Structures are given as C-alpha cells and as structure tokens.
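Lettered A, B, C, D, E and F in written order, each chain numbered from 1.
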Amino acid sequence: MQSLFCPDAFLSPLEVEDAVRRALAEDFGRAGDITSIATVPEDAQGRTVVAARKAGTIAGLPLVAAAFRMLSPEMKLEAHERDGATVAAKTTLMTVTGQARAMLAAERTALNFVGLLSGTATATAEYVSRVAHTKARIICTRKTVPGLRALQKYAVRCGGGFNHRFGLDDAVLIKDNHIAVAGGIRPVLERAKYVIGHLVKIEIEVDSLEQLDDVLKVGLADAVLLDNMDVATMAEAVKMVGGRLTTEASGGITRDTVGRIAESGVDYISSGALTHSVTNLDIGLDIEI
Amino acid sequence: MQSLFCPDAFLSPLEVEDAVRRALAEDFGRAGDITSIATVPEDAQGRTVVAARKAGTIAGLPLVAAAFRMLSPEMKLEAHERDGATVAAKTTLMTVTGQARAMLAAERTALNFVGLLSGTATATAEYVSRVAHTKARIICTRKTVPGLRALQKYAVRCGGGFNHRFGLDDAVLIKDNHIAVAGGIRPVLERAKYVIGHLVKIEIEVDSLEQLDDVLKVGLADAVLLDNMDVATMAEAVKMVGGRLTTEASGGITRDTVGRIAESGVDYISSGALTHSVTNLDIGLDIEI
Amino acid sequence: MQSLFCPDAFLSPLEVEDAVRRALAEDFGRAGDITSIATVPEDAQGRTVVAARKAGTIAGLPLVAAAFRMLSPEMKLEAHERDGATVAAKTTLMTVTGQARAMLAAERTALNFVGLLSGTATATAEYVSRVAHTKARIICTRKTVPGLRALQKYAVRCGGGFNHRFGLDDAVLIKDNHIAVAGGIRPVLERAKYVIGHLVKIEIEVDSLEQLDDVLKVGLADAVLLDNMDVATMAEAVKMVGGRLTTEASGGITRDTVGRIAESGVDYISSGALTHSVTNLDIGLDIEI
Amino acid sequence: MQSLFCPDAFLSPLEVEDAVRRALAEDFGRAGDITSIATVPEDAQGRTVVAARKAGTIAGLPLVAAAFRMLSPEMKLEAHERDGATVAAKTTLMTVTGQARAMLAAERTALNFVGLLSGTATATAEYVSRVAHTKARIICTRKTVPGLRALQKYAVRCGGGFNHRFGLDDAVLIKDNHIAVAGGIRPVLERAKYVIGHLVKIEIEVDSLEQLDDVLKVGLADAVLLDNMDVATMAEAVKMVGGRLTTEASGGITRDTVGRIAESGVDYISSGALTHSVTNLDIGLDIEI
Amino acid sequence: MQSLFCPDAFLSPLEVEDAVRRALAEDFGRAGDITSIATVPEDAQGRTVVAARKAGTIAGLPLVAAAFRMLSPEMKLEAHERDGATVAAKTTLMTVTGQARAMLAAERTALNFVGLLSGTATATAEYVSRVAHTKARIICTRKTVPGLRALQKYAVRCGGGFNHRFGLDDAVLIKDNHIAVAGGIRPVLERAKYVIGHLVKIEIEVDSLEQLDDVLKVGLADAVLLDNMDVATMAEAVKMVGGRLTTEASGGITRDTVGRIAESGVDYISSGALTHSVTNLDIGLDIEI
Amino acid sequence: MQSLFCPDAFLSPLEVEDAVRRALAEDFGRAGDITSIATVPEDAQGRTVVAARKAGTIAGLPLVAAAFRMLSPEMKLEAHERDGATVAAKTTLMTVTGQARAMLAAERTALNFVGLLSGTATATAEYVSRVAHTKARIICTRKTVPGLRALQKYAVRCGGGFNHRFGLDDAVLIKDNHIAVAGGIRPVLERAKYVIGHLVKIEIEVDSLEQLDDVLKVGLADAVLLDNMDVATMAEAVKMVGGRLTTEASGGITRDTVGRIAESGVDYISSGALTHSVTNLDIGLDIEI
C-alpha cells in the first residue's frame, strides 16, 4: 500500500501505534463493542468506505489504518488519498474490507482521529491561503490538546503550516517573567545564551519597539516574537529588524486579520487557535456488511 | 482547600493525576523547561493568579492544581471558584504561591487543560440555556478527543449537560448496520436483549416513523435515537412514543436549531460538536515573581 | 484458524494481548526460562497437546494461543475446541507445533490462564444447570480477582452465565449506605435518576418486603436486588414486583440452594463465589520434543 | 501506624501500590463510582470497620490501607491486626475514618484483595497445621493467578507456608522433557550445572526410585521433586536420599493426604491448589456515614 | 532540605522519579530484598553516610534521595554537597537516617545511579579542565546508554560540559548520507531549511575544506561539524569559517588530544566517549544500624 | 534467519522488544528523525552494513535487528555473526536492506545497544582469558547500569562469563550489616536459612579467616564471598574451605590482578567494573542509499 503519511511532515510510526492503542482501550473499556458482539456474527465480512463529507485538507489516515489493523491484522486497506491532500466534499479517502465486527468496533476511534486532525489541517490551510500573497508562514504553538501534541503538530504540517517548539525543551522562548527575574533583556539573553546548547535557538518576546531595540542591541537572539502589536507597529518592527532576526507575529490572530498582519512583512505568524480549538472535519465511514 | 470538583460530575482523582502526568511529560520532553532553568533562580518564589479572561463556565481546576503540585508539592493553592461555576470575564479562579520555576513549567499544561475543558463546559452551558424552557437535556456522544473522554464527559457535566455512553461497553446502541445484519428490528432487539446483562440499557436508532413503529411494537428497547429528523417529524415521533421509551434527538444539532428541536418534546438532545470540536475558553495565568 | 473465542461473550483482542504479556513478564522475571535455555537446544522443535484432564467447560484458549505466539510468532496452532465448549475428561483442546524452548517457557502462563478461567466457566455451568428448569439466569458480581475482571466476566459467559456490572461506572447500584445518607429510598432514587445518564440503569438493594414496597411506590428503579432473603420471602417479593422491575437474588447462594432460589421466580441470581473463589480446572499440556 | 505487613514475608511497598492502582482503575473504568457521586455528598465523612466474618488467617491489610489512602490521602487508619494473624470470626481488623465517597469507592477493591489473599493464607495455615507433627514445610508453586504471583506468594508466607520458585528465572527445575531432550539425567544435570550461576539451585523431578537413584549417583542437584509417589514409595525415597538432597513431595496433595505424606519424612510438600484455586475468606467492611 | 540539583543543568523531577522507580523494580524483582527481610527487624533504624571514596565531580544526588524516600517516605536526609560539586576523596555527600531495611534495599540502586552519573561528570570535568585555556566547550552526543539519555546529559552539565542534541527531533544534523541522497550540499541545506521550524538549528557535517567551502557559500547552516580532521586542518577550517558559523570538532577525541584540538579555535568539541563509555566513580554508602 | 542470540545466555525476546521500544522513543522525542524526513525521500531504499571496527566479542545483535524491524517490518536482515562471537576488526556482522529513512532513524539506537553490550562482552572475555589457566569463573554483580541489568547480564554471558544474582530477590547475600544486626554469623545464617525458600542459596561475606572459620562451623551457607583479601590470604581461605562451600573472590579486581587471584583456587571472581563501567566497542553502521 502506498504511504498514507504527508510527505515532509513529522510523525513516527511508534507514535501512531501508541495513540491508537490508547484510544481503542479508552473506547473499549472492559467489555469492548458489546453491541456488535451481540448482534453481528463473528465471521461476517464487510466493506467500509472512508469519505470526506465536507471539503477540507486531510490528516490522520495512518491512524485510521492502524485502528482497523490493530483489531484485525488481516484487514485489507486501499488508499485513495494520503494525508496533506485537499479534497472536495464526497471524496473517497480509503476503502477497507475485512471482519465486520472489527470495522464497527474501530469506526469511532478512526473517525475521532481523522476528524480532529483534518479539522486542524483544514483550519491551517485556510490561514495559509490567506497569507499566500506574502512570504509569511503560518505556525502553531504549544497550546495543544493534552496528549495529542505530536499529532496536532503533524496536522498543521498537513495543512501547509510549519511548527514552532514541540515542547519546553527544544528551544528557548523568553517571556516577560524571565526578563523581569533576570534583570532585563541583556542579562536574560546573556544568561540563556551561556547555558543552552549550541543547537538550541533563542526567541524573545517583545511588546514594544523600545524592547525590540534593546533586543537588537544585545544581539544574541535568533528570533523575536512581536506580541500583540497592531499592524503598523508590526511593520515598523520588521523594518527595524531588517532581516537580522527571524520575526514572529503573535497574539489575537484570526482568519480575518491574518492576511493584513502577514503584509507587515513578518516571517512567521503563530496562532494558538489552530490547535487549542478544533473544528472537526466531517468525515464519514460507510460500512456495508 | 475546598473541593475544586464540580458536584455531581464524574471524575476520579486517579484519572486527574494520570492525565496531568502524561501532559507534563509531553511538554517537558527530555530536558524540561530549559528557558526557566536557564533564566530563573532555583529558589525564586512567585505568585500566580489564574483568571478567566472571557466569561464562561469553568471546568478543569483540579487539573490546574495537580499540574502545579506535581512539580512542587509545597505549592500553596487558594481556590476562588470551583468547576461548574459560570463566571464573568476577569474573574479570579485560583491563586498559587510557590517555586517560580515550577509555576512557569506547569503554566501551559495547566492552561491547556482548563482552557479546553472550560471551552466544552461553556459550549454545553450555551446549549443548555437554549433549551431551558423545555424538559430536554443536552448530552454528549463518543465523538470525543482521543485520550480525553473521561475529562470531556466531566466538562459536559460542569456545563449542565448530561452524559451518553462513555464507551462501547456500557450500553447497547443499535444502528442501521446492526439491524441489517441481524435481519430486522425484531431480531436485532431480541438478540441484544438476550445476550446483554440486566443492567445494560438498549437504545436503537431509527430514521423514520415506520422504523419507530416497529421498535415500539417489539418493545425491548429502553431508548430510541431519532436520527436527523425535522422538527415536525420529531414531534410526531415523540407523540407516537408516548413516554414508553426515552427519546433522543440526534444529527445536525446546532446552537440555532437546538431550541426548536427541544420543543418537539424529546427527552435528550445529543451533540457530537460539544466534544469533537472545541472552542478554547480564554483563561490566563499571571505570574509575578 | 477458526475462532477460539466463545460466541456472544465479551472480550477484546487487545485485552488478551495485554494480559498475556503481563503474565509472561511476571513469570520470566529478568532472565527468563533458565532451565530450558540451559538444557534444550535453541533449534529443537516440539509438539504440544493441550487437553482437559477433567471434564468441564472451557474458557481461555485465546490466551493459550497468545502465550505461545508471543514467544514464537511462527508457532503453528490447531484448535480442536473453542471457548464455551463443555468437554469430557481427556479431550484434546489444541495442538501446537514449533520451537521447543518457547513451548516450555509459555506452558505455565498458558495453563494458569486456561485453568483459572475454565474453573470459573465450569462452576458457572454447574449453577446454570441447576436452574435450567426455571427462567432464572446466573450472573457474576464485582467480587473478582484483581486485574482479571474482564477475563473472569468472559469466563462466566463461556459457562452460560450472564454479567452484572463490569465496574463502578456502568450502572448504579444503590445499597444501604447510599439510602441512609440520602435520607431514604425516595430521595436516593430521585437523586440518582436525576444525575445519571439516560443509558444507565439503576438497581437498588432491599432486605425486606417493606423496603421493596417503598421502591415499587417510587418507581424509578430498573432492578431490585433482594438481599439475603429466604426462599419464601423471595417468592413473595417476586409476586409483589409483578414484572415491573427486574429481580435479582443475592447473598449466600450455593450450589445446593441455587435451584430452590430460582424456583422463587427471580430473574437473576448473582453469586460472588463464581469469581471471588476459584477451583482451577485441571488442564494439562503434554509436550513432545 | 504499626506495620501491617507480616514479619518475614516478602512483599515490596512498590508492588502494593502498583497492584492497588491497577485494581482501582479496573473498577473505576472511565467514570468512577457513579452511585456514590450521585447520592453521597462530597464532604460527607464516614467510619469503616474492616472485620473478618469467618475465622481465618489474614493477608492483604497493606492493600486495604493503600486502596483507601490512594483515593483520599487524609484517610485515618487504625490497625487492630496485622497480616499473618489468625483470628476468630467477627474480629475487627482495621478501622478507617475519612471521606465517605472514597470509602465506598475503595470498598470492593480492598475486599477483593484481602478476601483473596486471606483465603490463600487460611488454606495454607490449614495445610501447615496438618503437618505440624512432622518437619515438613508447606510450599506453593508457580500455579498462581496471573498478575498476582508476588501477592499470593506473600499470602502463603502469611499462612505459615514457604515459597518455591517465584518464576522461571530464580531456580532450575528440571522436568521429564528437559531430561529427555538432554539425553538423560547425567547430561541434563551436568549441562545445567555448567551454565547457571553459582547462586542458582537445581531441583530435578523424578517419578521412580530408579530415576532417584540416577540423580543421587550424579550428585549435582540440590533438591529432588518426588512426583506423584504413594506414601510408601515416598518414604523409601526419603530414606534413599538420606539427607543428601532436599526432598519435595508434589502431585495430588490434598488436605486429607498432606499429613500422611508429611510423615514420609519429606522436607517440603508443594501444592498448586494453594494458589491456583482460591476460597475467598469472608471479610466485610461496615461503613457508617 | 537545600536543592540537590546542579544549578543550570536540565533535569525534571518527574524524570528522576520515573528512573528510580524503574531501577528499584528491576532490582526488587518479585520478592524484594529477601536478605534484609530475613535478617533485619522491620523496625530497626539506621544511619547512612554517602561518601565519595575517590575524588571527582558529583552527579546523581537527587536520585539517591529519591531511592531512599520511595521506599520509606519518612526517611530523613541531610545534604552536605549538591550535584556539580567537585570533591576530594572521603568527602561526605549526604547523611540519611530512617528504616534500616529500606536503606539496605535502596543502597545498590542509589549507588548505581550516583556512581554512573558522577563517572560521567568526572570525565567531563577532566576534558573541560584540559581546554580551560581556550574558549572551546566540551559537549556530549547522542551516543548514550539506552534509557538514560536525560540523566547522562544532565551529568555532563554537572561536569561543566554542555549538551548537543537530546534526540533526533530537536535539531537537524546533516551527514554524508543525507547530502548524497539530496544531491549535494546546496540542495540538502535548502531542503532542510525549507521544511523545518524557525526555532530548529541546522548543523552539517563536513570532512574536508572543500565541503566546508561549499557550506559557507550556501550559507543556510547554523553550525558545522568538522569531522575527524587533524589539528592543522581544523585550525584552517576555523579560520575559513571566520565566526560565521558555530564550529564543532568531532571524531576521535581523547583526553590527550582534546587540548590541542581546542587550540585550533573551534567553539565546541564533542565526545561520544563521555557517555557511551562510563568509568564509575567510586562512591560508597556506609550504613550503621 | 539464523538465531542472533548467544547460545546458553539468558535473554527473553520480550525484554529485547521492550528495551528497543523505550530507546527509540527516547531518541525520537515528539517529532522523530526530522533530518531524514526533511532530506530523504520516503520511498528511498538503502543497504546497511553493520561491522565491528575494532576486534572484540559481540553482544546485542538481536537488539540491532529489533530496532530496524520495529520501524519497518519489511526490513530484510542477513546475519553474518551471532552474539558471543569474537571477531577481528572490520568483520561484517549483519547486512540490512530496506527503507532508508527507517535505517537512518534506527542507526543510533542500534549502535548504542550493540556498542555498549559488546563493550561489556569484550571486557568480560578479556578477564576470562586471563584466568583460563585456572578453574575460576568470571562473574558480574548487581553494579549495573540502571534499566539495563538483564541486557548486561546477557552480555557477560556472551563474553564467556557467568552471572551472580540478577537482583535482590533471587539469592541471599549476607553482608556485615546483616551480621551485625542479627547478632553474629550463627544467628544470621540460622535466621536466613529458616525464612527463605528451599531453592534459594545463601552466600555470606567474610573479610577475615576468623569470620570464615565461623561460617564453616555453622555450616548453613552455600557460598562464601572472600572480600578484599590479598592473594595469600585468599589461597589460605580456599584451603580452609576445602570444597565444602563455593568460594567467590571480590573487591578491587582488575585486569592485572585477576589472574593471580584466580590462582588462589577460588571458584568465582566477581567484578563490578564489568558492568558498572563500560568501554563501548567501536561498531559502525555504513549506510548506502
């Protein structure tokens, strides 16, 4: 079978397996799918069509496949699309044939993953399309659903976005509290630069052009997060930076404002809403037994 | 400290601990909060105010408390509200004093939980308010975020809603496929009734009054799910049932339609959107060190 | 290979795998089967016959298969019986061919499962046969061996019994303490009915006909547990209920008394002894290398 | 609080905690004790008396304590007995005061442990008393309930018995298959002796005096398992051994035969029934709220 | 108690707890410390002195504390040193008073951690001292002991070193295979730069000045790994780079060569040997009961 | 494929799988091998040669195989050597063909295992060769790397050594503290002998010939650990024992001294350094894509 993964997006097969196993266990409880065991013969075979009911960008097909295969390794899967595809309503994504009981038991787990992740991918793709006339990239944050960070970061990539930090440990992001405790922008940057590894980048949050000026003078940061600035100030900030640092706009980004913010010339626009909120994409699973 | 849990809502303290531990591990990766370790002295103390920035219904405070305490057992917490409270914007929910590093490290995990769950509680409360003039109850489904079912079910209760099945194993829900395979409504109900335990209820999905009539004639079901019916048909169905079964309306429920559907007289209205989609409630954490 | 599972009994393949993995780890410790590694060549092949040494009802063959396969995926299994079968002494249940070391290492784990679960199935079948002249069904309780509840519930089904609650969360069972705290039978039932989901049944325990009368008057329960009544009182209780509620007899049930209790007309008879006590069924594993 | 553990019996506090956590999770499912949450106020306090309803030997009190404390760390426990005590019917074992909901939720888990393990301890004590006039010791086997081996081995010690191997890895036990594959008693013993560590003992199973003679001639074993011999043969075997090896009688031991077998002079008598079968000891938990 | 952690080194308290729990479980097996249970009374108290028998740099004291506390929460600890301290032989590090059995049971686990990690810290400190006359920093690699990466990375910091990547996911490190598959240095760097997040740094390995020249021309890398170059070539490389990239020397670094390599002017020198090999520091635990 | 395991060495396939899964998860973090995903096409195939770069004794090939197979079950492996082989530098151990990305992602995990374990096997083989002219056996201790005990014990066997206790629970080892608390050598031995199982051996540590004499008089021990004696005293001790007990020399053993110590006639020589310290064997993985 062809790969179901989005090319260029980061997701390990072990993570897929773990996530699906936990989700099936959560849905099965102690007794499993009592309705299907009670009403469907053990040897009944079926055919399932997984299809997008609404248009959108797909993410999560490897988890759909894993849910079916984990309950019945003999399940046959045929993929019609792969993650990252933007499809019209009523597009068939995958067809599956095999044991009917396993299909029915896996259905909701499969849909919960692909609906959630495709929702994130679709929202991302919407943001991406609105900044397509600029060089700005859309990125996600650490405001993710607990337990699903790796999957949501992957879904953002499926939607054409890029990723910010995956956690507290893979980059330094200095915020107001860190600055205050350390005694100012220079000491905080010097201290961070001194302690961290040479492959760890430093970003620092500023909410005024004065702070930005200080950051530029110190010169140890790799990126600057322009927090909650209006578009004009943002544009001025980008001009001040002059390409010396990566610029990221953050705070209060919406579908309606993202385009204008991008026009300020920032490199990245981060949105917590892409992952802390979710609009499920309507994907259905039609089973014929 | 007074209880942070919503009275009458189901959530075990062991589940709280497990969920928070997994989420902290996910955010910490291998090295933990490198920014705070690099810039904040180990013995610095701080004070955190957890406050709702927008009005809404709160769910998740026990997880906030657990996140802080798991990183620093000496953390002192003072609760101003408990889960289930509906609060105005700018309401203080909790104040916390203790080690600054632990506060900064726990911040995002705490907010990801309370923002997500309060989002669900707030959406539920909105639905509930729109059916307040009827006897209908709002309920959630199994369309939940993988790994968070118990927490989301709890959040729905915090918002004044009630819970449908928690999983595949705690009630029978017969859908079209089960009916088709078993050879009709009578055989499927007889078969299910025969096999399941005496404390397991049976609900059956119908999408026409004809099907409903069959269900009523067989008489073994406890509840009937009226799937995707218009309001007039729904009202007719409720009349046909005449209190003999619990009635549940499902399919395409929105904030705008839920009130009219409730007026049909149904007992329960279930909405997947309450849990498969999430609008994070804006809750903030202000730390002073 | 044909299915090894009992039809109509609830057990998920993921539960089987988890249980066997934990049991093998418990038996292996850190070094595994040192006797066989020390004395049996790695490439030696063998043939194993799993047979019932005593007559009984079989439960646990999927766990036997999993134990062998987990240690050697190439193991070939041939099933002669499946779970739920009642067999005479000396009946061959399964034959297995493959790596001798893996057979020897899996032997005890496989037998511990199938002996324990077949013991439960056999005891259940005994009770079931003693009430066969009545409509009463034999059910188990939550008095199970810690860690093995799903498996024991399955074994009860293999023996022809049915299942009570699987845990604290899938039905309401109101006992004396709940009644006392809530202030009586009416308030406790009203309170429970108000809080729980529409697919959750309510059973209430009574130990006198007076209490039963109260329950019948309130009318919110689905089932009533008649606790420790003598047969005459039980029969009177059943008459009083008149089919309005499911009736369950509980307390001090033994092989000798179960038949007479069933003649009282109760719907269900629950026995903790079916699962809190175990008489292992003697099943043996003859290995030829 | 005084120790609840039986002196001289092996059980780690980490094992106690793990076992109780798993058992509570199994009983709680996703929603926990819905009956108590629905009917008992969160702040209601209670008092529980744990008492033996039948006479027996107690094992499992540390698990009772852990179950209560895990759900409510503030729970106050007062121990009246400790594991290993042999008590009359109606003996109070422990009193507990604290949150009523936590008591009700922990009740079944606590009782399932202490009933099962006290059952094993009581059965062991019975065997022990029947061989008290001899030097024979009663020991258990690896025929244990999957997942509970460490706990059952501990319970056997509480009952005055001793332990055989805890798993496949802590001693060598050579059976017929190993002898056959290795080509006889001498080669199998030489091979095992050569490979294993110097702190690993070797026991070998024989079912005839001829085999025993071979074992004695080779002289590398530490112990010999006399399998399924009648009492006269057993006595003859013991005489042949003359103290050079530890002798263990095994196979078909019952309460009725164990005394006579002991009189043969064997050092140890092992019984699978002590742990593969369980007669729960009736221990009750009376809660006053 | 004062903090035992090395300031500025990254290690989460949850990681400490997990690692110690796993290690105790590994050492306890099923029955725990049978020697101490058999020979030391349960209520015997003791006093333990943890002391360095050889001079070195200390890492691992939080794990020592966790091992004692996990077995007996009442254990009293007094710290005389903290991680990162360089001490003379016979320096007392910590004194512990409490239950003797718990001390004896925790001893080996505690020492295995502190001996291993102090060995790594001491080796690191040795390297660091040999480059002290230059600006070069000593760093570790991903060549770590499986399962102990976070702990070993922490130990390197305790010894005055710094950390390279913690895993495959927190920075890009392009090696010969990646260059070859992507079709050269320019395409591989362009491709990596395009795909990765803005807070992820890129390092590329070169083994000749020609390759380095290509890297400098493309200009997208943050750091360059100079692989297995002799000191003269290394110095030439550093000159070519002229501060535009971070430079890292790698390959065949030993205690004897590290000083001269540092004199080449490289920024970082990485050594797999710091973590893939271990010379345990001799730390002892004297218990008085 | 032929077996990769060392014959006669103890390691379970479940342990291999668990260890590799944990190590891959540790290296992958949340996003996996971002370098390879960014630069190597998903369908690129490759060929890997695993070869010893230095001469040594090999241990860990089953873990290498598991690392590749876990990421890509279709990976084809050809073994040229198996664990326990002593090979010259530049010996090819295994060739692997399959998905290039999976190879690159598994590389470091595979090498970390095989380098570490082969280091232990090689060090053991060195010690073994130095005592080859005597009957002494080289054994390891519980001074192992936390989390890797089973693997290191296996590696010692691969190098021709033997194993001491695997943990606290599989043999009794009485040290000075136990003797002191119990009130002397006779009471401690009597107490231990009384409590432990009949398949558990007892070793006792002595540091003088006087103590040894006491041990011999009591006569309940199976083995005696001669702690830190000089060679002459050791020889005298061996003479005193006269074959009545197994003798083990321990304390300050080095490559240089081990031969002379062996000549004292002791049965076993234990060395903590074999496992508490590690000199990684240089094994490389050449990938062609």
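Structural remarks
Here is the rule we go by: a contact is a pair of C-beta atoms (placed from the backbone, for glycine too) under 8 Å apart; a residue touches a chain by one contact, two chains touch by 3 or more.
Since the structure is predicted, the reported quantities are computational estimates derived from the model, not experimental observations.
Chains touching both chain A and chain E: B, C, D, F.
Counting the residue numbers that touch the partner chain, chain B and chain D have less than half of them in common. In this assembly, the C-alpha centroid of chain A lies 44 Å from the C-alpha centroid of chain F. The distance from the centre of chain B to the centre of chain F, each centre being the mean of the chain's C-alpha atoms, comes to 51 Å.
The mean-CA centres of chain A and chain B are about 22 angstrom from one another, to the nearest whole unit.
Chain contacts: chain E has residues 8, 10, 26, 28-32, 34, 37-38, 105, 149-150, 163, 166-167, 169-170, 173, 195-196, 200 touching two or more partner chains. Taken as a contact graph, with one node per protein chain and an edge wherever two chains touch, the assembly is complete, since every chain touches every other chain. Note for the complex: chain A touches chain F at residues 3, 5, 7-15, 149-150, 153, 163, 166-167, 170. Across the complex, chain F meets chain E through its residues 19, 22-23, 26-41, 44, 46, 100, 104-105, 108-109, 111-113, 115-116, 119, 142-150, 166-170, 172-175, 177-178, 180-182, 188, 191-192, 195-196, 200, 272-273, 276-280, 287, 289.
In the complex of the two chains, the chain D residues touching chain B come out as 21, 24-25, 28-32, 34, 37-38, 41-43, 70-71, 105. Put simply, chain A touches chain E in their complex at residues 8, 10, 137, 139, 162-166, 169-171, 173, 195-201, 203, 222-223, 246, 248, 267-268.
Chain F makes touch with chain B in their complex at residues 26, 29-30.
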